[in-house]
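Notes follow the structure.
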Amino acid sequence: MTTQLLLIQALNGLQLGILLFLIAAGLTLVFGVMDFINLAHGVQYMIGAYLAAWIAGATGSFWLALLLALPLALALGLLLEFLVFRHLYDRDHLQQVLATFGVILVLNQGVKALFGAAPLQVPMPEALTGGIRLMEGLLYPTYRIAIIAGGLATAGLLWWLVERTKVGMLVRAGATNAPMVAALGVDIRRLFMIVFGFGAMLAGFAGVLAAPILSVEPGMGDHLLILAFVVIVIGGIGSIRGAFVAALLVGLVETLGRSLVPDLMRLFLSASEARQVGAAIASMLVYIAMAAILAFRPAGLFPVRAG
Amino acid sequence: MATLRAEAPAILLLLALAAAPFVGFGEGYMLTLLARAMILAMAAVSLSLLVGGAGLVSMGHAAMLGFGAYAVVILDDARVTEIAVVLPVAIAAAAGFALVTGAVAIRTSGVHFIMITLAFGQMAFFTASSLAGYGGDDGYTLYSRTEIGGARLLEDRLAFHFVCVGALAGTWLLCRLLLASRFGRVLRAAKGNPLRAQALGFDPYPYRLVAYVIAGAIGGASGFLFANATEFVAPAYFSWQRSGELLFMVILGGVAGLHGALIGALGFVLLEEWLSHQWEHWRIVFGVLLILAVLFLPNGLAGIPGQIAKAARR
Amino acid sequence: MTDPLLSLRNLRKRFGGLAVTDDVSLDVAPGEIHAVIGPNGAGKTTLINEISGVLRVDGGRIEFGGRDITGLSMPRRARLGLARSFQITSVVPAFTALENTALAVQAGAGSSFRFFRPAALERRLNEPALAALDQVGLAGRAHTPAGAMSHGEKRQLELAIALATQPRLLLLDEPLAGAGPEETERLIGILRGLKSRYAILLVEHDMQAVFALADRISVLVYGRVIATGEPDAIRGNAEVRAAYLGEDDIPLAGAA
C-alpha cells in the first residue's frame, strides 16, 4: 500500500468521523441531558438527506437545498418531539427504545412510500466538483474536503455554544445532574425541546452533507445510528468532547480497518481467504475497540454523569 | 391452585397451537406461518427471561438466532446435516457468543447495556454479511433440511409443526423452572433491588451472565429451527431490526410473565402477516401501532384484562 | 473483656474536602449492642456503609472475627456473617415477605446455582425464613408482597431478612426511622429479644430506644468519635451535652 492510498483512506476516515460526530453530538446530548435513548436519531439523518434530494431535485440548487433542509429538519424534529418523544421522558429505557423503534419503522417506510425504494442521487454543487492536489500524485475530491471543513467548523461552533453560552451551560449542567437543574427553576422541558430540535437539525445537516456522495435510500440512517451509539458509549454519554474524539477514532478505525486488515491478512493467508477473513475482522474492529475501551473504562473515555 | 391459574394462558395457547392443524389451520401456508410464529416465540420467551427475569434489556438477541442459523448454513455447506451434530453446534455457537459478549456487556447496566448488546449484535450481522463463501448479503439456500438419524423427518410439514410446538413448550417450561429456582430467585432479586441482593452476599454478575448464556443457547436453538423452516438464511433476518421486533414482542405481550412473550410473538407475527396483505406500506401502520402500544399499554396485551378491571372499578 | 467481634481502627474517609470519617476506632464485642449516636451529618450512615462494604475507606483497618476485611467486597463481607439493614427500607418489593426472607436464608444455604427445583417449595429455605419472620412478629404476613406492606412492617421485614442470614453481627441503620409510636414500641421489643444472641451495631436517632437497649454508646460528631462508654457515662459527659446543645431529643434527665 502506498503512502498516497493510506492518506486517502485516512481522509476518508476523517470524513466519516465528522459525519458521525454531527449525528453523535445530538444523540449524546439528548441522552446525557434527558436520559432519553433515541433510536430514531438515525432516521433524522436520513430525513436530512431526503430533504436535500427533494429540494435539490425541485430547484436544481444544492445550496438552496442546504438552506431549506436545515429549518425543515428542525421543524420535523420538533414535531416528533411534540407528538411522541415528550410523552416518553418519564418512561423507562425499554419503552423509549420501543417507541422510537416504531418511529423508525414509520419514517423508513414513509420515505419509501413517498420517494420509492430506489436510491436517489443528489448532484454535487458546481463549485465543489473536481479535486484538490494535496501532494504529488494525490488528488482528493474537493467536496469531501468541504465536508471535513464544514464539519470541523460546526464542531467549533458547537463547542462555543456548549462551553460559552448560557443555554450551553444549562445543557452541561443538565448532563451532569438533570434533577438539580430542574430544582434550580429552569424549565427543563423547554431545555429538552431545544436540545432535541438542535440535535435533530445537526443529524439532518449530516444527511444533507452526505447526500451528494452517498446514495439516498430508506434505512440509510440505521447503520450510522449504530456507529453513533458506539461513538457515544466510547466517548462517554453526554460529553461533546468525548463524542468528537470517539467519532474520529471510530471513523478512522472503520475506514482504515477495511482497507488495511485484508492486506495484513494476505501475509498469512491466500488472497481469497484474506479477503474474506479480512473483511470479517475489519467489520468487527470498531466493536472490538469499544469492548476493549469499556473493559477498562466502563463509563467511556470522558465520563460526565455525576455519581 | 394459584400457580396453575397463572400458567393457564400459556398452557392453553400451547394446546391450541398443537391442535391447530386439526381445526382448519392445516394447509401449507398456515403451517408455515405458525412455524415462523412459534420459532420467534421461542426466541421471545428466552428474551423475556432476560428482560422480565433479570432486567437485562438486550437489543442484540437476534444475533443469537443468527449464530444458530449460520451454524446450520456452515455445516450444510460442508454437507453435515445430521441433527445430532447440527443442533448442538448451533446451540454451542450462540451460547459461546453470548458468553464472550455477555462477559463484557454485563459489566455495564441500563442504557449502556442496551447499546452494547446492540453493537455486538451488529458486529455479528456485519460478520455474516462479509462471509462471501456463504452468500454474503444475499444469503444462502440450504441443500436440505436437517436430518434425524439420516431420515428427512423435518421435511414433513406436520412433523415440523409438532417439532416447533415441542420446542416452544420445552423452552417455556425450562424458563419457567429457571425463574422459580434458587437461581431465578437471585436473578429476580437482583433485578428488583440489586443493593439488597449484594448486601445478602449475592454478586449479581455471575447469575446474570449464566442467564444471558442460557437465553443465548435457546436463541441458537430457535435459529436452528428458523434456518430449517425457511431453508434460506440471510444476514438481514438477524439485523438489529429483528432484535427490536423480538423486544417488541416481549413488551407487547407484557413482561410480568413468560406467557406475555408467547402472546406477544404470536400476535406480532399474525398482525404483521395480515397487515402486509392489506397495504404495501403496512410498516407505517405497524410503527404507529407500536408507538401507541408503548404509550397506552404499559403492561402489554397480557395486562389488558387488568387495565379494564381497574378502569371499571373507578 | 472478650476479643471484639468487630474492630475498627483509625478509619478515615473524605468526600472532597470534607472528612466524613475522621480517625474512627471502635469495637463491638460478641453479644453486645453498641449504639452509635450523633447529630445529623455526623457520618453515621457513612460508617455503616464502610463497615458493610458499600463504601471504600481511604485509610484504616476493619477487622471482623480477627480477620482483616478492609479490602473485601460487600458480597464477600456478607458471606462472612455481616448483615445489615438499610435506613431507607430495602426489600425486594415484588417478593412476598417469605420470599424476601427465604432469599436471605438461601444466601447461607449452599449454592444458588440450582436451576430446576422450585425454590418456593424448599423446606430447607422456608422453615428458617418463617422462624425469622416469627421472631419479628410477621409470621401472619408471610405471603404478603413486601411492596404492599406498611412502613413499620417493612422495618420488621428488614430485621427478619438480616436475622435470616444467621449473621454474627447485625448492622442496623436507624431501624426505627419513620415508625409511629406503636410500631416503635413493637420494634424495641423485638430488638430487646435479639439482645445477647447477636452482636449489634445500632445507629439510631431515637434516644429513648438507644438508652434502653445499648450496652455501650459511641458519640460521633463531624466524623470523629468524641466519647465511648456505658449509657450512664455518656449521659453525664459534658462534651456530649455540648455537641447536642439545642437538640432536645437526648434524654438528659436520666430516663430509661
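Order as written gives the chain letters A, B and C; numbering starts at 1 within each chain.
We adopt the following convention: contacts are C-beta pairs under 8 Å (C-beta built on N, C-alpha and C of every residue); 3 or more make two chains touch, one makes a residue touch a chain.
Here the structure is a predicted model, which means the values were calculated and not measured.
Centroid distances from subunit B, each centroid being the mean of CA atoms, peak for C.
Two chains share more touching C-beta pairs than any other pair, namely A-B. When every chain is represented by the mean of its C-alpha atoms, the one lying closest to the mean of all protein C-alpha atoms is B.
One simple way to say how far apart two chains are is to compare their mean CA positions; for subunit A and subunit C this gives 51 Å.
In terms of their C-alpha centroids, the spacing between subunit B and subunit C amounts to 44 Å.
In whole angstrom, the spacing between the mean C-alpha positions of subunit A and subunit B is 31.
Residues of subunit C in contact with two or more other chains: none.
Every residue of subunit B that touches subunit C in the complex is listed here, in rising order: 177-178, 180-186, 188-189, 192-193, 195-203, 206-207, 210. Note for the complex: subunit A touches subunit B at residues 31, 35, 37, 39, 84, 87-88, 91, 93-95, 97-99, 101-110, 112-113, 222, 226, 229-230, 232-233, 237, 275-276, 279-280, 282-284, 287-288, 290-291, 294-295, 298. Listed in rising order, the residues of subunit B touching subunit A in the complex are 51, 57, 59, 101, 104, 107-108, 110-112, 114-116, 118-120, 122-123, 126-127, 129-133, 240-241, 244, 247-248, 251, 280-284, 286-291, 293-295, 298.
Residue ranges of subunit C in contact with subunit B, taken from their complex: 52, 54, 73-76, 78-79, 83-84, 86, 90-95, 99, 102-104, 106-108, 111-120, 122, 125, 161, 165.
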